[in-house]
Every structure is written in C-alpha cells, then in structure tokens.
C-alpha cells in the first residue's frame, strides 16, 4: 500500500472505486498523523467491503481501531476526538445503520459548533456504504443521503468515480467541518482513471460530465452511470442530454445546475433515495423559484419509489431508478 | 427428555442443517441472490429452545435466522423459495434470507439491524401480559449484539416491568470477523451483564439440544410465573463464515477443528445412541430430512418469480403503497 | 376527565390544543381497551407538557406506563406490542429525541410489514412535541416532520387546531398503519373550537382554511396561524390569499394543493423545518411537474433557515419563518 | 485536604449557589427565557471533582450544567449573560442555559440529549491517549442517563480500550418527575452497572466536597496510570424542581427536608469550623461570592443583546452558514 500513490502517478492503470476509498484514506493518513480510523471490522479484516484494506498493515492498530457493534459509541467517540485535536474517520458499515447513531448526526455533531457560539470545531468524517441494487433487502439497501440533507451543519459527499472518491476523501478529511461520506455499494467494483497525486476535489463543486443542449440531467453517485447510459440511448433519438454529477449535496452546487438549465431549459433529477423527502426535491424547489424563468417544461424527478427496498431482483428493479425510467422521463420532457 | 422427543428434535436439526447446506449450494449455483448468514452449527439453540416453548409464544430472531424460522415451523420449501426470490417464499420474496418471518406461528421476524429486535420482544411480552395470555417472548441474538444500546434498554425495561421475556444469546465467539473478546469488557458478553439488570444470567452448552431445552424450560417457567425476564447465553460456533462472502480465515484452525468436533448433530446422535435408539431409526430420520429438503429444493426451483407489481403492495395495511391523495 | 366529551357536546367552550391531546387519547382509550400509552413521565405527572394529564387517573397504571429514559425501548416495545394485538401510543418527549430511536422509525416500523410480505401489522402512534419559538435551543426546538418524510411507510400527522388534534388523534390511533403525530409546542396554549363527539379527521385530507384568489399558501401546524396572520396583512394590500392547512404529510394531499393552484396560479409554502430537505420541497417538486402548466410565477418556499436553532429570541426569530417573511414572499409573487 | 483549599472550594460552591439563585430570580423577572435546570444542591460534585482534576482535563456535562461550567472557571457573569441572551454570554446567546460551554478551559460542553455526551467523553479520552498528553476526560450525568443505550456503549468501549475517562453519576433520585427507582432494575443505577463493564463502581456522598474530591482523585490517578475507566455514583439531591416549570410536588416533604438538611454548603462549613477556621473567614468568603454575583447580575443586565446576524454565523468552521455554492 505504501507506494500506491507513486505507482499510480506513472501508471495510469484504472483503479476500482473500492480501492480508491482505502487509497484516499491512506493518502491523508500519510500526510497528517492526526487522522485515525475506527469502525467495525475495519482493522485486520480490511472492512466488510474491503474499503479499508491495507490501512491496518500500513498504519497499525494505534491508527486503525476495531470497535464493538456500538454505532453511537463509534460516532460519539469520533466527535469527542475531533473536538480535541484528532481527525477521526469513522465507518458506519451500511448507511441504513446511521439510524442507530442518528442523534449524533442530527443533534450533536452538526450543532455543537453553533450552540457554543463557535467555540469548538468538529473535523470528522463518517464514511458509510450506501445504496441498493444488490438484493440486500429493506435494511441494508437504502440510499440515505437525503436523511443527512435534513440536518443543517453536515457536509455531504457522494462521489461517483474512483478519482472523485480519492479527491473528495482528501477534501472531507481536511475539512474542519463534519462530512458524511457516502460510498455507493453498487459502484465498489467499478474501475476508473486513477487520481493524480495530491488530488483534491473541493466539496460543493458539481461536475458537468456530459455536455448537451436539450435537457439537463442532475444525478449523484450510482445514478451518474445510469444517467450516462440513458444519455447514450437518447442520443440515438437525437435528444442531446447534459449531465451534472452533483458530487456533494452540501454544499449544493445550484449555480452549476442553474447555468446548465440556462442552456437546456429542461431539468430531470435522477436520485436513488425515495421521491418523498428526496434531495431532488430541494434542488427542484430552488429551480422552481430562482430558475423559473429558464424553464420551458415541467421539471421531472426520477427517484426511488416510496416503498421499502424489496429483496428479489425483479422487485428491486421496480423501485430503484433504471435507465428505462430516465429515458422515458427525458423523452416526455423533450416532447413537451 | 424421552428418546422419542429427542429423535424428533434431532430430525428437526438435520432438516435445518440440510436446508442450509442446500442454500449454500444454491448460492454457488447463482440461484440465491443477495447474502445469506448460515446458522449451521447453531441448530440446537433454535430447536432446543423451541421445544421448551408453547406454540403461541413469540420468537424474534436476527438475519442469522433460518434455524429459528424452521424450528418454529417454517418449511424448508418456504425458506428456500424466499432465498431464491420466488413468489412462494415465506415473505413472498420481499424479505430474503435476512428477514424470514412466519407470523402465523408467532415467529415474528428476523431483523438485520443488530439488537433492534430486543425491545420488540420486550413489547410482545408486555402485550402478552396486558392481554393476560400467559405467552412468552424470546429474542435470539448474537454475542455482538450485547454491546449495542438497544440491548441495554431492552433488558432494563424488561426487568423493571418484570415481563415474560427471555434473552437468548447465541455466543459463537465472533461478530463478523472480530473476536467478541476483543471488543467486550466482560468474558460472558450476555450472562455477565444480567446482574446489571437484576436478572438471572445463565450459560449453557448451545450445541447440546437437551441442555438448551432444559435451561429454556426452566427460565420460561419462571418468567411465566411472573418472576421476570432472564438471560441465557448459549455457547456455540458457526460452521461457515459470517456471510456468504466470508471464508472465515481469521479463525484459528485448531479452534475450528475443536468446535466442528462438538457438532450439535453429533451430540444429539450420541445421546440417542446412549438412550439405545437403534442406528437405523436415526438413519431413517436423516433420510426423511434429506428427502424433504431435496423435494423442497425442486419445488422452490420450479416456483414462479414474484409479480413485479408486488413491489407496490404491503406498505400500508390497505395493501397498497400510496403516499399521496 | 371521564365526561369531558359529553360536557363539550353541549358546551362550546374553547379547548386548548394541550387539553385536546389528552382528550383525543382518552376518547380512544375509552372505546378500545387495546389502546395503551407509554413514555417518560406521562403517568401521574401527566407528561412534561401536560398533554397526558388525567389519563393515569382515568385509566390507571395498566394502561398508562411510565418508562425509563430509553427511547429505543419505548418505541421498540411499542412496535412489539403493536405486532401482537395492542394499539400503543408512545410518547417521545421532544421530537429532537426521535433521533435517539431513529432506527425504529426509519428501519423497523415502516418496513416490517413490507419485508414480511404483509404478514404483520403495526398499528401504533408515536406522539412527540415538535417545533421551536420557545427559546429551548438547538436540541429541543427542531421541527422534524421532514425527517419522517424521508421514510416511506410512516404516516405523518401535524394538526394546527385543537379540534384537528382530537380528530386526527382518533384517526391515528385507529389506523392500522404506524403514525408519527407531531404536537406543536408553540400551539399547546392556543384555544379553539371544541371537537364534536366522535370527531375523526381522516389522515391525508388537507383543509382550505381561507379561500382566496391570488396566491395559494400551503402551511402546516404552527405555520398555519403565521400564514393566516400574513393573509390578514396582505388583504390590506388587496392581495387575496388562499390557505391550505396540509394537516398531514403522508398521505400528502397534493390534489387539494393542485386544485387551489388551479384557482390562484401562484404558490408559496410555509414550513418551519429547514429549507434543505424540508417537506415543502417535495410538495413543490410535485407542483413543478404536475402543476407546471398552472403556474404563472415562480414557486417560493418560506422555510426555516439552514442553521441550528439558536437560543436567544432575537436570533430564533431570524431562523423560524415569521409573518413578515411570508408577507414579503407573497408580495413578491403577486407582483411577478 | 487543608483548610485553605477547603475554604476555596467552599467559596466556589457559594458562588455557584448564588449564581443559580440569581438565575432563578431573573427568571421570575422575565429576564431569563427558555428553560433552566438549576443544580443547586449538586455543587459539591462539580467543585469536588474539579479540585481533583488537572487544568487541561476535559469535562462534559448535561443541560444541568451551570455548576460544572463555573467549577471549571466560567464566571457568573458569563453564565448569567448567556441565560439572559446577551452578546457577552458564554456561547454568545446561541446556546442558553442547557449548553454552557467554555472550551478555552476544556469544559467541552453541556448536552441536552440525555446520555449523548458519554461517548464524546470516551472520544476525548481516546484522543488524549493517542496524543499522549496524560489528560483525563470526565462525563457528568444524571441517574436517568444510566438507562439509555449510549451509556452502555460508552462504558463498554471505554473499558475495552482502557481509556482515561471517569463516568460520574449525579444521582439525585429522580429523572424529571419519576423516581429513578421506579424505572431502574438495580438500586445503584450507575455503580451497580460498573461490573457489567469490568470496571470499578464506587458510591460517594455527593454533598460532601471532600469525599468527592478524594474519590475522583483516586479514580483519576488510576485512570491516568493506564488502568482504565471507572464509575463514580455521587448521591445528591436537587433543591429546585427539575426545570423552571416544575414545583416538584411529587417529592415527599420528609425526603426534601432530610436532604435540605444535608446541604453541601452546610457540610463544607461544618468541616471548616471543625478545622478551626474562624467564622469571620467563612463569612468573608460568603460576602465575596455575594458581591461577585451581584456585580455579575448588573454587568449581564447592561450587556447588549446579540446582533441578529449572529443567527447566520458559526455553522461552519469558516464562520458562515452557506449551504449552497
């Protein structure tokens, strides 16, 4: 692991999203001794998703800590450590389990700076495996980035490519603000271009990952490849789609979205979290206010259905947005 | 326990073991999706406890719950069909391996958030007391669950309200890949905590179906008599890794070997032999189980997939999923 | 307490929102022996907000249970009881503390019916004191109805009048689905017309509480009186405001909102929860899609600011929507 | 403890008592908004513990935290200004009574979600160990907090990692209005749970500042030596109701009377007298405290309110509140 970075600099072999997580953390641990990791089975085992593989070997047990199954203690201890000079990176194995320590995410971490009048700083990262599509059922498949969006005071990262994983991990760990970092389970095995050395992707900067003139698609994490596939299909019908990868929800890069809308006048959001209370709603409400004059058509949201995640593939496909659904939504708007 | 009963329990354990083996094989054939947490090795806990319960008692289990579903009467076919995403599955293919449930026999579910079902079991016991039914509730959980907050809150509330609920810990020495001893402040993660709630905490050989049955029967009598909850820590070991992706290389070979020799099926078989039950009788039980599971696999294989519209049923009690009017 | 109902039938004395809570619960406890209450200090003490006053006296300790400070056990036990024949009404003292048992609200209660293929029913109510404006600071003042909106499978009630409290409590307790019932702290002392006997207000039916032709204001709970006050002020400027009290978020009565919009062509939502991830966003996204053709102006959301709740009155006023802010938003739209 | 030190602790306790009395009066005058949870009666715990700590040790407290803030060096003026919503308040009027914090002296906050700060204290202790500073962390909490999940998780993690953290329970016999004995399965809600984490659990007279100081000093030494965390249950009683709206009528008159006679100030004064400290010396301390608080009230009263724009600062480390780019 030690020289992965150097290797990659002159070796543009693709890196997997999974390896990018460990690489991103390792880079920061190398440059800053105050970065420490804690979580269940993250040590010698390398994490149940192998997203911390190699860290225990390289940095040892004093920097990579296995914990009991105690989500409140994990995140609460991370908070206490962050308040006292460390930069903890806490893993919550599945994002569904954020519910088990929600008090820390909702009431403690995002509020303590404000309610003490700025006396304390909480530079921590809570990393978690997010999203569905793997047949893990109702309690291990949710896209919960919208939970975090309900709470002012949390930054929210949700990268879609290995390079962004590394770059946003750097930004998240260096941030003096708390960051919830959503790693998408469905993307772990995907490979992408390796990140350059010292790669940092500032939080709050969306990426226009495909330029197009007709309709703007705004997507996040695993929905970015879905949107890209839909765009390919739509191109065959001469519908030219622009795709914005939001990359983070807070800060929310509404400027990039409104600028794209200025070019296309049509907007579809593609989000995995449920329609009710989903992040697309907040974005659409900004657009329906500030971008109203730009719109030539209704705004459409392709979102998770408002049901729990079912187990069977045939059912899960009904619930999570698919390329077909995105294509249909865009087509209907283009025709408006 | 007389040998007829023991034979029946043995057969049930074999049935579970074979069903899990089938699940494992079907997984490798690509017919089971998602994940599974096999309970092979834990059978005596489910079957022994079940034998000590009334038919209408409530059972709550974890994602590692195949054995509990079957101990309470779910058929291998229902379980395998669920794992294979068939419309005939226990949960109509909406739950999967981690959520096996058979409410008609008060097996009230398998929960995949560690510890979450302990308060539910407390609530079921509270309900039984309010309704005056004499029912008991049992929560089965892993050693790892003893370090989560819900464990603490559940045990305290159960103790304060003196509810008829049993907390049965299946201590298999590991959470996922981490030894429980590395992350727990006491050596008996469940039993050593019982005094913190002023309730009995016992340890039992969880691989000996007779001992489990006896312990649960005793604690159940006590709870039904109004003397409140208890903790039972059953020592056991899982034969497979934590879940399907885990080869369990973190476990010392010597430890694995020792535990495989302490197999609940062998122990029960040994007792049957001791009781003078003829070899053929035991083999016949094995054979019956083999046949049932074989037929279950075939039946599940040929069962239809769920109707895609099922994705939009069962959110609400009216059967639907409408969130707007 | 026993004959409150009868007294009120021929005595139209106003009843407070606070008393309406206890009255609503009492009515259901009288008609259905399976209704039981549990929570912290709800028994002899009558609850810290006195919203369960009289229940312990009338129904005794076998139906009104004091609990330890164990939010997970409270809601988890309610769930287990609901699955086995009871209709528990659990109190979580402040809605901020829902975070302490969020796993039950997010992962267990709303999913168990679905993930068992419809085998179990969870008829329970989680009641909680919601909202700010009382100087209780960051951890006791949040409007968290939007948290519940992120989770498919929960019904969400948030009445604004005493009569609705009683009528919606009846509907909630009789519902075979789980309901989160938000009682607004800022409304507890307000009085209103008493509910008739057997008053039931179906969940999912918004109320048009003021008819108007120019702009539709959609509000909830404590924001309903704010919207009404704004409407009075706007009337002086000849802006005629229609006000929809949503009353529940799930089911969400989009039909009533779209119908109102058909009359006014202009929409402002008034919500106490923060703008980011607030319920107004979901409503606006429905409108921006299905009601796009009806709109003559941008849609505006007057929402809580995206900061924690500060302690001092002078600061809290900056964060929670005020009549002034609503007036300004409506005025800007009317002029559009 | 020598009498000079005891006198200083006594004076600090009087200062706290008088500040709280002032807060109470200001509340009745409408000058303090929101709610307050007075700690009158609990002073010896904060002051005694503080006397046993290093200046750089970390303290985490609850919504009932005035005494801890002042024991660690917050001035009555800073506290009262906060309660009165002044720009000069400890938290610039953004926190209020429930969130008094003075980070400059490592008094790292008062938290209003019961039990939430216990894991934070564990984290601070972990951090101290990682940084090798020899610092200790102390979490103060109520009896009611011992039944919440975070308590359990915090104690287990602290024990497993053998961290330098002390868990000090202020057992005042009640949660809000419910006697703790009615909802807790053991009679010593904190100390009786310590064995469940394999750590020492001691009980001390929380109204005797000397005993508290001694106990904390002993447990702190142990923790700093690397022997791990401990629980200290300090028995005490609150003089007022739970919060400002509570007349506390649920408490038996006899019980109240007994505890009012066991006042921490009286006990310390008695010890001073026993030590031969002259009456006038004690009275002079009283007098000094009276003056300080009187001046604090006046200063807080004449301090300016916060700038309304302060509502939009301090969300992020850059000082602002922008959530969009």
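Note that the chains take the letters A, B, C and D in the order they are written out, and that residue 1 is the start of every chain.
Rule of thumb we're sticking to: a residue touches a chain if its C-beta (ideal position, glycine included) is under 8 Å from a C-beta of that chain, and two chains touch if they have at least 3 such contacts.
Quantities reported herein were computed from a predicted structural model and do not represent experimental measurements.
Farthest from chain A in terms of Cα centroid separation is D. Set against one another, C-D and A-D show the most C-beta pairs in contact at A-D. Rounded to whole angstrom units, the spacing between the C-alpha centres of chain A and chain C is 31. We define each chain's centre as the mean of its Cα atoms; on that basis chain C and chain D are separated by 35 Å. One inter-chain figure worth recording: chain B and chain C are separated by 40 Å, centre to centre, where each centre is the mean of the chain's CA atoms. Multi-chain contact residues of chain D (touching two or more other chains): 91, 93-95, 99, 111, 113, 147-150, 153, 156, 160, 182-184, 315, 321, 323. Residues of chain C in contact with two or more other chains: 67-68, 70-72, 96-97, 99-100, 103, 107, 110, 114-115, 137-139, 152-153, 250, 252, 276, 305-308, 310-311.
Across the complex, chain D meets chain B through its residues 147-153, 155-156, 159-160, 182-186, 192-193, 195-199.
Listing the residues of chain A that touch chain C in their complex gives 96-97, 99-100, 102-103, 105-107, 110-111, 114-115, 137-139, 144, 146-147, 149-153, 250, 252, 273-282, 284-285, 287-290, 292-293, 295, 297-301, 305-308, 310-311. On the chain C side of its complex with chain B, the touching residues are 36, 62, 65, 67-68, 70-73, 75-86, 88, 103-104, 107-108, 110, 112-121, 123, 152-153, 175-177, 204-205, 250-255, 286. Partner chain D is touched in their complex by these residues of chain C: 40-41, 43-45, 48, 66-72, 96-97, 99-100, 134-140, 276, 305-308, 310-319. By the touch rule above, chain B contacts chain C in their complex via residues 58, 60, 89-95, 99, 101-104, 108-109, 111, 113, 116-128, 130-131, 137, 149-150, 153-154, 156-157, 160-161, 313-319, 321-325.
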